[in-house]
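Note that chain A is present in both complexes that follow, paired respectively with chain B and with chain C.
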Partner chain A sequence: MAERTVVSPVWLGMEQQRWRRLTSTWMMVMLLLFPILLLLGAFMRIVQANLLPTLLPEWFYAVMTLHGLGMVGTWFVGAMAAVSYILTQYVRPSRKVSWTALGATLLGVVLLLATTLVGRFGVGWYFLYPLPFYPAGIWPTWATWAFLFSLAILGVGWTIWAVDLLRAIAQHYSLRAALAWHYIRGETEPEIPPAVLITTVSLISALSGFLAAVIILVLSFLEWAGTGFTNDALLMKNLIFFFGHVLVNITMYLGVVLVYDVLPRYSGRPWKTNRIVAIAWNTVLFLVLFAYFHHLYMDFVQPQWMQVLGQVASYLISVPAAVVTIFSTLLLVYGASMRWTLSSLLMYLGVMGWAIGGVAAVIDSTIAVNLRFHNTLWVPAHFHTYYLMGVVLMLLGFAAHFGLEVSERPENGRLAKLIAALFVIGGYGFLSMFYVGGAHSVPRRYAVYPQEVMQGVDYARIALGFIAVLFLGVLLYLWETGRRCALAFRTSESS
Partner chain B sequence: MRPCLSHIGVILRIALSTAALLASPGAMAQIVGEKADSPPNEGRYLYKPVPDILVHSWPEEAVRLSELWRERPILLTLIFTRCAGVCSPLLRSLKAAIASIGGAGREYTLVVLSFDARDTPSDMAGLAEHLELSKDRAWIFGVASAEDIARLVRATGFWFEWEEASRQYDHPAMVIGIREGRIVRFLIGGTVSPVRVQEVVREMRGEFVPAYPLPRRNVLFRCFQYDPTSGRWRPDWGFLLLLIPGTMTILGTVWIFRRERKHRAWEDRESS
Partner chain C sequence: MSQVSIFYLFVVLAVFIAFVFLLVGRSTRQVRDVAYRAADRMRKVFFFTLTGILTVFLGITLPRMPYPAHGQLPDQVVHVVGKQFAFAISETPIETDEQWEEVSSFAPPVKVSAGRLVEFRVTSFDVNHGFSLYAPNGQLLAQTQAMPGYVNRLRMRLSERGRYTVLCLEFCGSAHHRMRGVFFVE
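And then the complex of A and B:
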């Protein structure tokens, strides 16, 4: 993209330094949590491979909860931080709010660590009602409280953060402009960078998801405070997936913002908003509230029209946005004098991973297929694809770009290619074992596979080999980029 | 999503009888099974195998449960003939429910088994006579050995306890749906409604029964109200809660952008 003017000249000096410090802090938090959470994932595969036969299964579930929530949260905050940095080219978000969100995040993480690793709270990442209230003697009462409390802290911190980013956008663009409605009418003035459009769409969606979370928390506290009320399980499930689906989805979209903004710098061609891009992302905004119904296909009480709407919305929401992005990426790269650095390689791979995971997701969001694949390993297979090989690569790509830009240390091109290769082999190898498992009816969330699905044990063992390859890639990446982010932190101004 | 019956708040106990004159069978002054204040938790026993015990009925007939369930599903209930409490009303309401839904003997067999070691096949035949069911081939009234009863009780969550004061057994009232030797449903309580039996029968047939009423009250914001007689459900206002996040987001977003409009105008002037 042609370098756009920065918001104000002040920004170039102190402001820029401060944003660098803030962003490098966020990136270091993200890069620290990633390998730990990855090892927790490996731990689960070790349990499923029957390599720890004496371990109590509740540890599997506690680790699963921590890994799932930790990953979802880490990449969400990473994406928010990265997008904030990108947005500073166009608008002026508040650094203070971002630091506050960091504080809230760290506090939430500490509480989560305690609930899962000390309290053995093992309900899975979306804490489906009423499981948190039925510990079956596994976790103590305080663990449920601490969990709800940590969600409340994270929810408040992240909501304020999202509101602030929206506010920053609103200071510069009207709502109609930010949503690029004039592009749909065929006008191209004023110019709206894709980053602004997609971020606006994502943040509005995020707010609705957080509001759903607020309702969940209030209802949970009401039940728990001993008011004598119990909740309606179907309502809770609807709200939970409203929240969960939206959170995961917009993390993906925020990742795409990074690609739209960073990848053009390596291809030397601009990537502008156009009519199709505007239509695709407005479709996303319009349908984001309905796609989550695909999580409730097996809930027979849910009315038929909601299920149908869920399938239609799932297709319409993913296909246009993904197709537009993927084609644009290909066009951007095809025939361009692309500079293949660690950053551009990872971002490119990330878009492809999104495509592959997206296809797998659309397959699973088809009611007839979901009847077979529901709660098999196909589910972790598809979401690990668009996460691990999608949004994670986009964010790692961003961090590499950021580290390079700020530290101004040249990169080792061969190492970059080696890292990308290890990610592809390790990542897709690991994922393929999830897919094969799903296709062979291996259920998800089993610590110990029963006789009927013993094949799951072999898949878990093979997966471990690939995870090791991936982990090696991650270590090399951390050596390359982690160092640069740390350097960026040290050399930037403290605020 | 399947509601389970463990939440019934009512504790089913046998009404005490002052007229109980029978001698106490000393050896039985103990609890058989796992006594609980609440009825057996269906979830714990669902799809568990039922022991294949021998049922003796009158005159001199003995049949294995497996012979019965190989032919058709079984609705089994455990009672004792000298009961002054729930057994008799339970059987009467079961009989009435069965009569109203039909299909007995064709789609399922009913087994009424005594858990009281004092009961004999002829006592049971007397009970059948009394209920005007002795001619009905769909109903089997019988007894079993004490060991078999104990096995059955353990496998189904049933329990009974001799109470010296009332000279009666304390026990829950339940009907157990069995298909191919496995428990598919419990019906708990002294009165059996035809709709509920119908559900169990459909379930035993292998049909999928999507909903049955959840015996819990005080539910905040239900999505649906379920009407067991028609088997239909209609939206309740809990569903409206799902509209709140979307509506509030739209309002909130518009509010944010309006609030910052002044700022925008100022910026525009500055940059031009």
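And then the complex of A and C:
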């Protein structure tokens, strides 16, 4: 077996420049979509704050669908692109496949824009069956077809991308070695970088999620093609939530890959795979398959053993994350000769957001608690915490690192701290209104709050102030990092 | 535990995590070596403490699952059918679209006896809806999904008398926020 774990000379020179060009393209797409999608989220809070009283609610729900799908998709592809770049240190993924995934993503985005902003297709990001087939006079038939077609395009592009990364890993290490099972047995050769281990775990999970998505699409097409076949609502719900849960979780894990690989460069301490890391991530690979049951607690007909398994798996999956990744991050930074740059600050804060969001998620994964928190604002509260203040900060940290590394332009330290402060104040302030709303029984996904939960209007108004602070931070970030990524693209193009 | 109490518990835990991250972040002002043996011991303590706490919480919360217990009969049965965009709530079964229209539009609100075990049999005639009970003081007490092809049974003893509102807690389309139902506890 090959033992190479460092950059091969082959990868230097032109090939490295091509990867930089590809990665800077992905980063620019990510950084372009982020503020637009963020403004769509702000638009939703403006509507909920009753500041646009004449707006038809179907526009709120169409924007909600675009915001949700856009954010989930953007950060998934951003994480995949960043991890691909990191992996080129160790293995050889295909650039062509990544460019193809970019093309599929852009085509999917165009179709989603058409379905939501032209067709007013409003089903929420997880398009719970059979809602796409019950438009209630709002969206036309073509919008449903275009939506399913866009999912098929994205699904094919992303599946090929994930398979190619696994192919590259397997060609170099073998999948069994990449899962670091030999570390569990007490062996340390061949050396497996944490980035390879976590990516392998994430991508195997991803493929199981994509398989569920394929089944959903095939079953949907079968029903809608007029075959007389009708789907089972509970089966479809299980498939949809399995797919959605896995997609969101692996995006977070891919974000963690970036932390494992990039943060040590700023702390000056190595972060290597060991027995504990190997056990932890293999446990995650197993438990992530069962934790999704917590999305179906309120479906009382679901077999009770699945509900119990959902809570047990949801509780236990927090242990490896806390004891290994979060604890190790603190150990990596404690007393280190740390270079606090925009990248390291955002990554560190991202791990903190992951921890805080994780606590809120574990609370909600308690069946007895979920009875009163399910589909209230507590849900967007916790997933925005580990998304916006977790994986998004990790990815923004990576983009800042990439821009700095490639452009070689020095960073403005004061500006970096200001950006981080604006993210923390704006982000957690915005989230606090979701948490308070959830604690006071305000439902999620309401364009207009009825009399019983009118307090939601005040929470939305307060949240808008914090969103403005957050958006200022995002603009400053884009000024700092976006132009570096653009420079990286131009530099790689000319070389 | 009420929702607000759980919120305060979360705030305490979140502030604690932020405080630890702040302390560790500030520790970089003075460079020092890490005593890895001591750190490993601390990690083990953390592992067992966290696992222990989670196990205790599992032990406390799992017996409080809201699912109907076998062998226990309800004192009263209430049938609920969701359909874009209203709930029909009745003491007699609702089996057709016509019955749903009649009950959701014209029937007087159902009355439930305070303190008695009531079983809500909840289903849907179209998409997924969320059947949620809001007490007269506006607090969300419980919920279950209204799903086409299935009947979810939610059992409750409602002690507070007054008007209860049912809101939809599963996104169901363009008038989702207007979907509601009402019943009284007397």
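What we mean here is this: the second predicted complex is superposed on the first by the 484 of 495 C-alpha atoms of A that agree within 3 Å, B and C clash if a C-alpha of one lies under 4 Å from a C-alpha of the other, contacts with A are read in each partner's own complex, and residues count from 1 in each chain.
Convention: a residue touches a chain if its C-beta (ideal position, glycine included) is under 8 Å from a C-beta of that chain, and two chains touch if they have at least 3 such contacts.
It should be emphasised that the depicted structure is a prediction, and the values quoted were computed from it without experimental measurement.
Because the two structures share chain A, they can be overlaid on it, and in that overlay chain B clashes with chain C.
Of the two partner chains placed by the overlay, neither chain B nor chain C lies in contact with A:14. After overlaying the two complexes on the shared chain, residue contacts for A:174 are found with chain B alone; chain C is out of touch. Set side by side, chain B and chain C differ in how many residues of chain A they touch, and the one touching more is C. In the superposed model, A:211 makes contact with chain B only, not with chain C. Using the contact criterion defined above for the overlaid structures, shared-chain residue A:300 touches chain B and also reaches chain C. Of the two partner chains placed by superposition, chain B and chain C are both touched by A:232. Of the two partner chains, chain C is the only one touched by A:367; chain B is not. In the superposition on chain A, contact of A:446 is made with chain C only, not with chain B.
Shared contact residues of chain A with chain B and chain C: 232-234, 299-301.
Remark: chain C residues 1, 3-4, 6-7, 9-11, 13-14, 17-18, 20-21, 24-25, 27-28, 30-34, 39, 43, 46-47, 50-51, 54, 57-58, 61-62, 64-68, 84-85, 126-128, 130, 132, 134, 138-145, 147-154, 165, 167-178, 180 touch chain A in the complex. Residue ranges on chain A touching chain B, taken from their complex, read 163, 166-167, 170-175, 178, 204, 207-209, 211-212, 215, 219, 222-223, 228-235, 238-239, 242, 289, 299-301, 303.
Residues 1, 208, 210-211, 216, 218-224, 233, 235, 238-239, 241-242, 244-246, 248-249, 252-254, 256-257, 259-261, 263-264, 267 of chain B are the ones that touch chain A when the two sit in their complex. Here chain A touches chain C in the complex through residues 57-58, 61, 122-124, 128, 130-131, 134-136, 138, 232-234, 237, 269, 276, 298-301, 304, 307-308, 311-312, 315-316, 318-319, 322-323, 327, 330-331, 333-338, 340, 348-349, 351-352, 355-356, 359-360, 362-363, 366-369, 371-376, 378, 435-436, 438-441, 443, 445-450, 452-453, going by the rule given at the top.
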